[in-house]
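Structures follow.
Each of the next two complexes has chain A plus one more chain, namely chain B in the first and chain C in the second.
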Partner chain A sequence: MPMLHTVNKSPFERRTLDTALRHAVKGAAILLIEDGVYAAFDGTVVAEKVKAALADHKIYVLGPDVAARGMSEHHVIEGIGVVDYGGFVDLVTEYDKVQSWL
Partner chain B sequence: MAEPWEDDELEGPVRKFMYVNRRAPYGTIYALESLEVVLIAAAFEQDVTLVFMDDGVYQIKKDQNTDAIGVKNFSPTYRALEGYDVEKLYVEKESLASRGLTTDDLIVPVQLVDKDQLAQLMEEQEVILSF
Partner chain C sequence: MKLSVLVNEGPYQHQSADSAIQFTKAALERGHEIFRVFFYHDGVNNGTRFAVPPQDDRNITQEWTALAKEHGLDLVVCIAAAQRRGILDENEAKRQGKDGNNIADGFRISGLGQLIEAGIQSDRMVIFGD
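Right, the complex of A and B next:
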């Protein structure tokens, strides 16, 4: 399995998500955590870019960080998986390694 | 005996303070620190205006539940600001729209302003603190 990339910065404030996507090979997974979760919602100016990335990558978002920010799992872009902390651990073990884009 | 700062004759001038909030909550400490400083200014009975723009609009998103991340949810404090006579809350329209949010998503009543109106409001202030 390729790599799991984690992104923890808001896509509206930093370019971290763009950088991660630019360096992720086809089949690599993206996990959105902390302020990175804001990239996971429909109706935003970054939503189309994220939807396009779903063609090459599985994308996940961390549920507890979504809830903390008052965002609704119902508004998560279709195709993005919501995981809890256990799911986070499963992803880390499933992929060969993790790159944390800070 | 009254403390010096309670003496009416020594009451300082009231200045127009604007707090510009541009960061999301929890990911960094800026949002919480701003709230603390706003409450201090309110305690000194200053003329306080709050602005939420860019990712700052997320600070006042409804339904925040931080139980699973082990961090205090400070969003209810925004609803208490009215009790400190902090009633001028402005949200930049463009910031809200680009995040797919509306005023219905917010925990407190706010005045929606566009970027030009906001620029004008900023010009009217005496002190601007950006977080």
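Right, the complex of A and C next:
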């Protein structure tokens, strides 16, 4: 399995999501954690870009970090998987390497 | 699987110190081995026992200490980053002529070689920080 890329900063604050998407090869997965979860919500100015990325990448978002920001799963773009910390661990072990974009 | 965790952010800064401990707990619950947790840059501030957060708040350092005790975790604080930020164990306090030490139970101070070794020995390295 290719690489898992984690993104922990909001796309409205940093460019790390763009960087991760630029470097991620087809089949690589993106996991949005901490403020990175803002990229997972529908109706934002980055939502179309994220939806387009779903064609080449599986995208996941950390559920507890969504809830911590007062949002819920039905705000999340369709096609993005919601995982808990156990799911985070599973992704880390399923993919060959982890690149943490900070 | 053998995992290591690198923590580059201090406690109560943004969220990474919390994410790191939650991830570590989940990995242990899944039955994975945590080879080492390495604290680097401001992450070394997770290792002082002198922090006194409000009683109704989480105490991240004590959580690490408890986790280390329960699972025999190797919590390593980078020596150069620690010296810059005033994190000292007994030996370092003596060597630097300081009047006390503040390293928390379960943590130890060592060098960057420990991070490199963790990278080599572990199947995965997960980084938390800014």
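Definition applied: the second predicted complex is superposed on the first by the 102 of 102 C-alpha atoms of A that agree within 3 Å, B and C clash if a C-alpha of one lies under 4 Å from a C-alpha of the other, contacts with A are read in each partner's own complex, and residues count from 1 in each chain.
To be clear about the criterion, contacts are C-beta pairs under 8 Å (C-beta built on N, C-alpha and C of every residue); 3 or more make two chains touch, one makes a residue touch a chain.
Keep in mind the model is a prediction, meaning the values are calculated, not measured.
*Asks:* Of the partners chain B and chain C, which touch A:S10 in the superposed model: first, second, both, neither?
*Replies:* After superposing on A, A:S10 lies in contact with chain B but is clear of chain C.
*Asks:* When the two structures are overlaid on chain A, which partner does A:S72 contact: first (chain B), second (chain C), both, or neither?
*Replies:* Only chain B; A:S72 stays clear of chain C.
*Asks:* I'd like to know which partner A:S100 touches here: chain B for first, chain C for second, both or neither.
*Replies:* Touch partner of A:S100: chain C, not chain B.
*Asks:* Quick check for you: in the superposed arrangement, does A:D18 touch first (chain B), second (chain C), both or neither?
*Replies:* In the superposition, A:D18 touches no partner, neither chain B nor chain C.
*Asks:* As a test of reading the superposition: which chain, chain B or chain C, is in touch with more residues of chain A?
*Replies:* Tallying touched residues of chain A, the top partner is B.
*Asks:* So, does A:V45 touch the first partner chain B, the second partner chain C, both, or neither?
*Replies:* It touches chain B, and chain C stays clear.
*Asks:* Would you sort A:D56 into first (chain B), second (chain C), both or neither based on which partner it touches?
*Replies:* In the superposition, A:D56 contacts neither chain B nor chain C.
*Asks:* A:V89 in the overlay: touching chain B, chain C, both, or neither? Say first, second, both or neither.
*Replies:* second
*Asks:* Using the superposition on chain A described above, determine whether A:E34 touches chain B (first), chain C (second), both, or neither.
*Replies:* After superposing on A, A:E34 lies in contact with both chain B and chain C.
*Asks:* Following superposition on chain A, which residues of chain A contact chain B and also contact chain C?
*Replies:* In chain A, residues 8, 34-35, 64-65, 84-85 are touched by chain B and also by chain C.
*Asks:* Over in the complex, which chain C residues touch chain A? Could you list them?
*Replies:* Listed in rising order, the residues are 1, 3, 8, 14-16, 19, 22-23, 25-27, 29-30, 32, 123-130.
*Asks:* If you look only at chain B, which of its residues touch chain A in the complex?
*Replies:* Residues 23-28, 54-55, 58, 61-69, 71, 73, 75, 98-100, 107.
*Asks:* For the complex, which residues does chain A have touching chain C?
*Replies:* Contact set of chain A toward chain C: 6, 8, 33-35, 64-65, 84-86, 88-90, 92-93, 97-98, 100, 102.
*Asks:* For a test of understanding, state which residues of chain A touch chain B in their complex under the given definition.
*Replies:* Within the complex, chain A touches chain B at residues 8-10, 12-13, 34-35, 38, 41-45, 47, 63-65, 67-72, 75, 84-85.
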